[in-house]
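Since the structure comes first, as structure tokens, the remarks are kept for the end.
Order of writing sets the labels: A, B, C and D. Residues in every chain begin at 1.
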Amino acid sequence: MNAHPSAAEPSRLDRTALLSRAARLSLAAFDVDGTLTDGRLGYGDDGHEFKSFDVHDGQGLKLLARIGVEIAWITARSSPLVARRAADLGVRHLIQGCHDKGAALSALCASLRIPCSEAAFMGDDLPDLAAMAVAGLSVAPANAHPWVLERVEWQTRAAGGSGAAREFCDLVIEAKGRREELLSRFSPA
Amino acid sequence: MNAHPSAAEPSRLDRTALLSRAARLSLAAFDVDGTLTDGRLGYGDDGHEFKSFDVHDGQGLKLLARIGVEIAWITARSSPLVARRAADLGVRHLIQGCHDKGAALSALCASLRIPCSEAAFMGDDLPDLAAMAVAGLSVAPANAHPWVLERVEWQTRAAGGSGAAREFCDLVIEAKGRREELLSRFSPA
Amino acid sequence: MNAHPSAAEPSRLDRTALLSRAARLSLAAFDVDGTLTDGRLGYGDDGHEFKSFDVHDGQGLKLLARIGVEIAWITARSSPLVARRAADLGVRHLIQGCHDKGAALSALCASLRIPCSEAAFMGDDLPDLAAMAVAGLSVAPANAHPWVLERVEWQTRAAGGSGAAREFCDLVIEAKGRREELLSRFSPA
Amino acid sequence: MNAHPSAAEPSRLDRTALLSRAARLSLAAFDVDGTLTDGRLGYGDDGHEFKSFDVHDGQGLKLLARIGVEIAWITARSSPLVARRAADLGVRHLIQGCHDKGAALSALCASLRIPCSEAAFMGDDLPDLAAMAVAGLSVAPANAHPWVLERVEWQTRAAGGSGAAREFCDLVIEAKGRREELLSRFSPA
């Protein structure tokens, strides 16, 4: 989202440009609610909160890490359950309670010595726009807010919490030419 | 829903009239179950109840409050979890256990010194009709009960608990001409 | 489902016959999982089970009871949460842990002195067929098992746990000519 | 999936071959998350996990066991709730925490003295490919990962956790010519 981050005009990349950007990614950062979940915030009358993550998304994040891409979750809300899911998946960079996702992503890139152009950000609502403006590639799930969809460079076909993150992971794996190698680890010769 | 509130004839507003009504709103009142949720009432065998709210809806309600519209939730059921979600969002007016939503909305308008014509009510089932008759604008999510859909002035494309409230918030923000200003707070220059 | 209960040939009623059967109903009996829920059985790793009911269905059952139709739930499983939801709705006849729904429905009709021809049964899977054979009207939600859909006299457009029961309640209310009277209680003059 | 397990070319069986393979099955093995569930992993902020199973799937597994097919669940994750659901359904072979599903299925076939050609495996993601390569019939739900869908011999129309397993059970029941017998147990003469 380097060019015209606040313009409403179409900023979508064509397939060639998209694959080129995806091929050089070193860091993939994700919003949580609505991006890695379906946006439902569960509340119980005993005071507990809950949310659901997608098993396909989790598998994709593990594959992406396996081929050397750093994974980060950056979220405005804060909950021990998000920390637990991140730990289950071995997500190395978890930033909760974040009110400036653009600054957070910039700082993370700096600390990892990764140029922002090698970072992607996937999100679904207005607070994600600042991080998208910093990132070298901006992505949204199919059911992101329309004002966000107008601004991202790529939109998955899947919805948040239903494989949108996996679809993005698959794109990066294919762009980096690592698909057959990963598949061969799962399929007997 | 000022005219013919109990008639089955189409009461839908055209786009111009809809935007005009939305532009002068001072209060937006919402039913909870089926409107701010998908209508599912979760029961656990340990006696607890739960329900899920949509993160996009929450963002919309916060934006609407930020541009000066009062937010109210008016519901027949009563649960501490609804109070907790309302508190998380800073919803100022929460009326639970309400068996006459029309009277409740009238009383709230009076106490806030807001004319009922400047209040909207969004709901999805028969107990919401009385509040809709009082309000200056009646709105329902796409999956509202058909007898309600026949009577409302506007129907969102999104379903309850899946962005219907956000769609209504966006309409009001656009009608009041505040969209670009809000977007600019989220998008770096 | 009086005729040919085990035949795969179409047993659907035309609209006139359907309304005629619905008009004379004195008892509406429902399966629970898959009929009043979406069929999801929630399990927690703390040993608790949970399921979700639809707020529209609940409203429909209350309206049906209000116009004098007896409501029964007949289910093979057994859980305190089902008892709690039934109590919340004022459901008078709750039969859990039932392994012969046909016998249970017959016995209930006898104890209420209601002819079986004035009872309807709504269900979604094979264990419901026996009760459907006893009932004067057999109904299934849109997502019932295909072997059941082949055998019922009416199929709702809505899925179980998403308004299927409400759609059936509405049919009975309309067939009995009570729609306007009920609506007038909710809509100010 | 005996031939070309790692090839991307279509491996789908025609209807005749599918029914022939299904007719001789002695063992039906299933992945859990995404196959017997919709892939949602619920997390609560009290540290508990939860997931939902489909009541139709459960009925199908019980019917399949009744006609003499062994049922196995083979999953990489490990949770007491899966053990509880399996126990509720009388599933005899539950293998949790499994990191080589191919080896697990081979070992199970050996211990049951069932040729692998008489075993089916239903799964939805890459870790299931090894078991599919061992099994005599490979099946995936409609919403399986695309790299898996390219490789399976049959794909259900239903999604995981929404009747996909039931659809497979029905296929086996029909292929073995046991449908009418089972139906007659549920339908009064």
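By our rule, a contact is a pair of C-beta atoms (placed from the backbone, for glycine too) under 8 Å apart; a residue touches a chain by one contact, two chains touch by 3 or more.
Quantities reported herein were computed from a predicted structural model and do not represent experimental measurements.
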Rotation, 0 to 180 degrees and nearest 5, that superposes chain C on copy chain D via CA atoms: 90
Most remote chain, CA-based centroid, reference being chain A: C
Centre distance in Å when chain A and chain B are each reduced to the mean of their C-alpha atoms: 31
Sites on chain B at which at least two other chains make contact: 42, 44, 50
Overall pattern in which the protein chains touch one another (line/ring/star/complete/other): ring
Touch relationships between chains, expressed as pairs: A-B, A-D, B-C, C-D
Complex interface listing, chain B residues touching chain A: 42, 44, 48-56, 58-59, 63, 79-82, 84-85, 161-163, 166, 170, 179, 182-184, 186-189
Contacting residues of chain D [partner chain A, same complex]: 5-6, 33-34, 39-47, 50, 102, 124-127, 129-130, 133, 143, 145-147, 151
